[in-house]
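Two complexes are shown next, each including subunit A; its partner changes from subunit B in the first to subunit C in the second.
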Partner chain A sequence: MIAEAGLAALWLGAALCALQLVLVVLTLMASKQVRSDVVEGSSEKKRGSEQLGPTGLVGEALELSRAIRPVAVAQGVLTLAAFALLILLFVRVDLSVLLVAQNDHSEKPFLYRFAASWGNHEGSMLMWVAILSIAGAAVALLERRLNERTLIATLGGQSAIGLGFYAFLLFASNPFARLTPPAAEGQGLNPLLQDPGLAFHPPTLYLGYVGLSVAFSFAIGALVTRDVGPAFARAMRPWVLAAWIFLTIGITAGSYWAYYELGWGGWWFWDPVENASLMPWLAATALLHSVTVLATRDGLRAWTVMLGVVAFSMSMVGTFLVRSGILTSVHAFAVDPRRGSFLLALLALYIGGALALFALRIGTVREGSRFDALSREGSLVLNNLLLSVILGIVLVGTLYPLILEGATGEKLSVGPPYFNSAAGPLALILGAAMVAGPLMRWRREDVRPLLKKLAPAAALVIVMLVAVKMAAPTIGILPLLGLGLSAGICLGSIEPLIGRNLRRTPLFTWGMVVAHFGIGIALAGMACDSAFTAERLVAASVGQTVDVGPWRVKLASVTPGFGPNWTSMEGTLEASRSGATTILRPQARYYWAPPTETSESAILTAWNGQLYTVLGAQAGEGRWQLRLWWKPFVTFIWGGGVLVAFGGTLALIGRLRRERRSAKNREAFA
Partner chain B sequence: MATRMKAKHQRLTLVLLAVAALIGAALLAMSALKDQAAYFYTPSDVGRDHLPAGRAVRLGGMVTKGSITKLADGVTIRFLVTDGAATVPVRFSGIVPALFKEGSGVVADGRFDSAGLFVADQILAKHDERYMPPQVAGAMHKSASLETDEKAKAVK
Partner chain C sequence: MSAPVATARRPWLLWVPLIGFVLLATIFVIGLRKPDDPAISSKMIGETVPAFALPAAARDVQGLSSSDLADGTPHLVNIFASWCVPCAAEAPQLEMLAKNGVPIVGIAIRDRPDDVAGFLTRYGNPYRRIGSDTTSKVQIALGSSGVPETFVVDGKGVIRLQKIGPILPQDMADVQAALAAAR
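What follows is the complex of A and B.
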């Protein structure tokens, strides 16, 4: 019965979603005549029209609109319930459900039975739809600042997206399909996914990924009602920020997960699946900066709306790449061409529709305030352009092999050499711009004071470049520049705090400083990892010692072991550096459901880097394959990512607090 | 330096900048693709196309059963990759991915030496035991030796 209840909840949610869309269209049509006198303008001017009614709507429109918020909330609750029921099926290992039989196993630990519910195509699509409708419900419940008509149009956008993905879920990816007769035992979950990372990484990533749908719907809403202005931007900003924080955490966690779980010692592979999460992040980062220009200075109107559309479009492209089965990797469980065409059709419909609406309406959006080329706005335009170009490069590199194969049948792979050489230099320029931007004034900055402010960071970059080049003459150009620049970014990013009363500095300024500082830290980690990693690959007999970097590693023993659903060979390594010895235990594991071997790396984290060890196969004559890496400061990569997300969180709290305070002030005046 | 832009021109300037950025991105991407993309070859393609030695390519196929031999250093292996029609010898130093085994699909990055031996820098583990490079699956299908495909069907 649980499966049937889940399916019913989904159908009901889909019906409410359709109802929501109909209500929105009716409301907007009914209110059109009343509002036709109010053409585009900043919403400050519009405030006068709010006297029409508490919601800015009258008569029939007002009555219709009252139902929209509850419908959106109910829809969110229903899909969440469906998702919870699927999790329940997985935890109970109900083998009469096809999806459970294919991906679950009764001998798996609780955590992996729980997380296996989204470690497969149908389950992850259900999570996708659940987050989409919860995001819509959250907007309906929490958003009070936005002009009511725009909010209604926004909820309409959200339900329009929802409808397509409900259809995809119900017609092409039903997670609740029954299996008759029930299986005797489940087929188990891919052992690479049997890791605590699975419980954490996909939900955070999806929250960010799908959370960006709110930005998309906001953009649609603003285009429909021609309400693109600072008030709109201020309302949109926290939503973008929240999605962006989750996306940042998700990408950082995913990178660390791949790093320790795959046993390849790499932290980013430019895999299409990774790119699928990076592209929305790049677009959301650009959006985050342009929405600030719109909120603070009423500039970059069309640009911000466009980025709102692009950011979630990238999420949908990513969903298509990962979910259509067009790629074959751990994330692409679907090997069903019908799903691919279905998703492609949705993609074309939504992105095409949004762009068409943009083209139709953007002419009526007035140009925002102007600014000098050399100003805070100008630097943010540069930030946006660079991020967009990097996004374009990643998009081309990710899609080109697929398009080429589809068109000519020719196969090629685009890997790290392409992405590093094409996007790397631009990322460094972006890093330099990131130091200069926050030091500029809004509207207009003069060259001399700017150069003066930039001097300390620039001097540090030069000192760093010379020092690194002298210490390591063979270092590559990108890592060298990266290291030099990272020092400059770290110094430059805290410069906006200089001369301010730290206690009275707003929280969102702290957020910016921390996030930018985090980028500097992450860049330092990336550069150190690519420049100074030491690697050894040997077949070692028990008792033998191997040197890697500053470490001396002794293979003390190799012993068999076992876990709840695996057996293993476990190496005991004694790693020593300047006297102190630490034990590391890398494993080669054998899982029996499904039958798979994995290697569990063992990692020693020191203050200045990580010793990464992998035990390979037996090499004959009592020897074992050992692969050892010394990776100086590699932890900075993820530490930086965490700082970026933390900075975002500070900014979000700061913004919400200020909103609340100004809302109170407004009430006090009224 | 900081010349104030004319009112009418600012939006135009921004649009032009965006267009220029897009074109720049496309050009940059295309030129980088030309230099950096590694083409995918099956053993049959290799025999047909006469690849120059030393060019970075990606080789995909199935590991021939019984072909894996270990060299004395304990970390180097040699094996044969086939697509059912042609076969290519491969050498690789490193820890092979867990899913690398005889009779399974494999994708290797590397280059050919002058003797026609493929020296792999990296063997890509596709993290799914059912995975097979699509073009290999296509080639094998014709020779009706697609054991893994049967397994995949049995699952459904």
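What follows is the complex of A and C.
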């Protein structure tokens, strides 16, 4: 019954979604009617209508519009219920449901049964749609600042996206399909995915990914009503910020998960699926900065709307790339090429439709304010241009194998050398611009005072470059510049606080400082990791000692072990540095449902880096493959990521607080 | 500095994003039509086998060099390893081909003489010669990316067919047809 209830909830949600779209269209048509009536001269009617003031809607349009918010909320609740029911099926291991039988296993621990519900195509798409409709419901419930017509059009945009993805779920990816007769046992789950990281990483990433749909719908709403201005930007900013925070956390967590679970010691692989999450992040980061220009200075109107469309379009392109199996990837555990064409049709409809609407409408949006090239706005434009170019580089690199194979039939893969050498230098320039931007005034900045403000950070960069080059003469150019610049970013990013009363500094300024500081920290971690990692691959016999970096590691013993659904060989390593010894226990695991071998790395975290150890296969005559890495300051990468997300959170709280305060002030004056 | 100014003068600029997306979608359509095939086929098909000379892979067999292949008759060049499980699965098929008089030569990848000898005792020896490629150098030169793989090489030493993965009973017809065509 649970499966049927879930399916019913999903159908009801889809029906409400359709209703929402119809109501929005009717309201907008009716309100257009009223508007033209008003324009045609019955100004008495305007004065006589008491409802016109705050909402801009009258009569029939107002009646219709009253239903839209509750419908959006009910739709969110129903879809969330459907998702909860799917999770229930997985936790109870209901093997009469096809999806559960294929992806679950009764011997799996609770957390992984829970997480298995989204570790597959149908379940992850249901999570996608659930987040989409919850985002719509949240807008309907919480958004009070936006002009009512624009809000209604926004909810229309959200329901239009929803409708297509409901159809995709119900007609092409039904998660609740029954299996008769029921299976005797489930077919398990990819053991790589049996990790606490999976319980946490996809939901946050999806919240960010799909949360960006709100920015997309805002852009659609603004285009439909031609209402692009500071008020619109202020209303949109918290939603973009929230999605961006989740995306940042999701990418950071995903990077750490791949780092310790895949056992290669790498933290970013430029894998198509990673790129699919990076591209929306780049677009959202650009949007976050341009929306500030729009909110503060009423500039970059068309560009901001464009980025709103692009950010979520990148999410949809990412979903398509991952779900259609068009590109092979280490994440290719849940793909089905037949569904690709369905998703592609949705992509064409939404992205194509939005871009066509943009081309038709944006010309009628009034021009925003102008500004000098050397100004806060100018630096934010530079930030946007660089982020867009990096986005383009990642997009082309990700799709190049596909383009080449389509054109010539040749196969190749594009790897880190391309991405690092193409995007790396631009990212460094972006880092430098990030230091300068917050030190500039809005509208117009003079060269001299700016150089004066930049001097300390620039001096630190030079000192750092010289020091690093002297300490490590063989260091590569990108890591060298990265290390030098990271020091400058860390110093420069706190400079906006200097000379301010720290207690009176707005929370969102703190947020910016913390986020920029986090970028500096992460950059330092990346540069240290690529410059100073020490690696040893040895076939070690028990009792043998191996040196790696400052560590001396002894393979003390190898013993068999077992867990709830696996057996293992566990190595005991005694790692010592300057006297103190720590025990590490890396495992080579063998799962039996489905039969798969994985290596569980053991990581020792010190204040200045991580010792990363992996036990490989037996190499004959009592010797074991041992892979050891000493990675100085590698933790800074994720520490920086967390700081960036934390800075975003501070900014979000700061913005919401200020909004509330100014709303109160308005009420007090009224 | 502001976008609408630039676009008021050049209205076509507004359509650039849409055109970009149409291009993207076209790539996707082409990509979807050709489902991604993870097998990596050799660029050496139709080319002459690159020159190589490998030492014997076990005590009682002869080594293999590229000149052994250009002797006027088509050969099967089987890339295998004692540590490779699917290689054992194709042993009966290779045995049958050898019985039918097909000259089969082997290249043992990253292997040790004792292990190769053990493999031959366990699963039979259909090979006339077996070269030992301890560094995968010849394997890569042939454009092979895994074990087992089998190449049909004609009498002039030109590669005619590459079979990726084990030769299973259902693959026998293809292999034999390619051998006949190479004759």
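The working rule: the second predicted complex is superposed on the first by the 644 of 670 C-alpha atoms of A that agree within 3 Å, B and C clash if a C-alpha of one lies under 4 Å from a C-alpha of the other, contacts with A are read in each partner's own complex, and residues count from 1 in each chain.
We adopt the following convention: a residue touches a chain if its C-beta (ideal position, glycine included) is under 8 Å from a C-beta of that chain, and two chains touch if they have at least 3 such contacts.
Note that this is a predicted model, so its numbers are computed, not measured.
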item	value
Subunit A residues touched by each partner, larger count belonging to subunit B or subunit C	B
First (subunit B), second (subunit C), both or neither touched by A:R370	both
First (subunit B), second (subunit C), both or neither touched by A:A619	first
Subunit B versus subunit C as contact partner of A:L355, first or second or both or neither	second
First (subunit B), second (subunit C), both or neither touched by A:T248	neither
Touching partner for A:I403 - first (subunit B), second (subunit C), both, neither	second
Which superposed partner A:N103 touches (first subunit B, second subunit C, both, neither)	neither
Which superposed partner A:T598 touches (first subunit B, second subunit C, both, neither)	first
Overlap of subunit C and subunit B interfaces on subunit A (superposed complexes)	300, 302-303, 328, 367, 370-373, 381, 411
Parts of subunit B lying in touch with subunit A, wherever the complex brings them together	1-5, 7, 10-11, 14, 17-18, 21-22, 24-26, 28-30, 32-33, 35-41, 56, 58, 70, 73-75, 93-96, 98-99, 109, 125-129, 131, 133-135, 152, 155
Footprint of subunit C on subunit A - complex, ascending	299-303, 306, 309-310, 313, 317, 320, 324-328, 337, 340-341, 344, 347-348, 351-352, 355-356, 358-359, 362-363, 365-373, 377-378, 381, 399, 402-403, 405-406, 411
Contact footprint of subunit A on subunit C as seen in their complex	1-5, 7-8, 11, 14-15, 17-18, 21-22, 24-25, 27-32, 34-36, 38, 40-41
Residues of subunit A touching subunit B in the complex	102, 187, 190, 192, 262-263, 300, 302-303, 328-330, 333, 335, 367, 370-375, 381, 385, 388-390, 392-393, 396-397, 400-401, 410-415, 417-418, 421-422, 444-447, 537-539, 588, 594-599, 614, 616-617, 619-621, 623, 625, 627
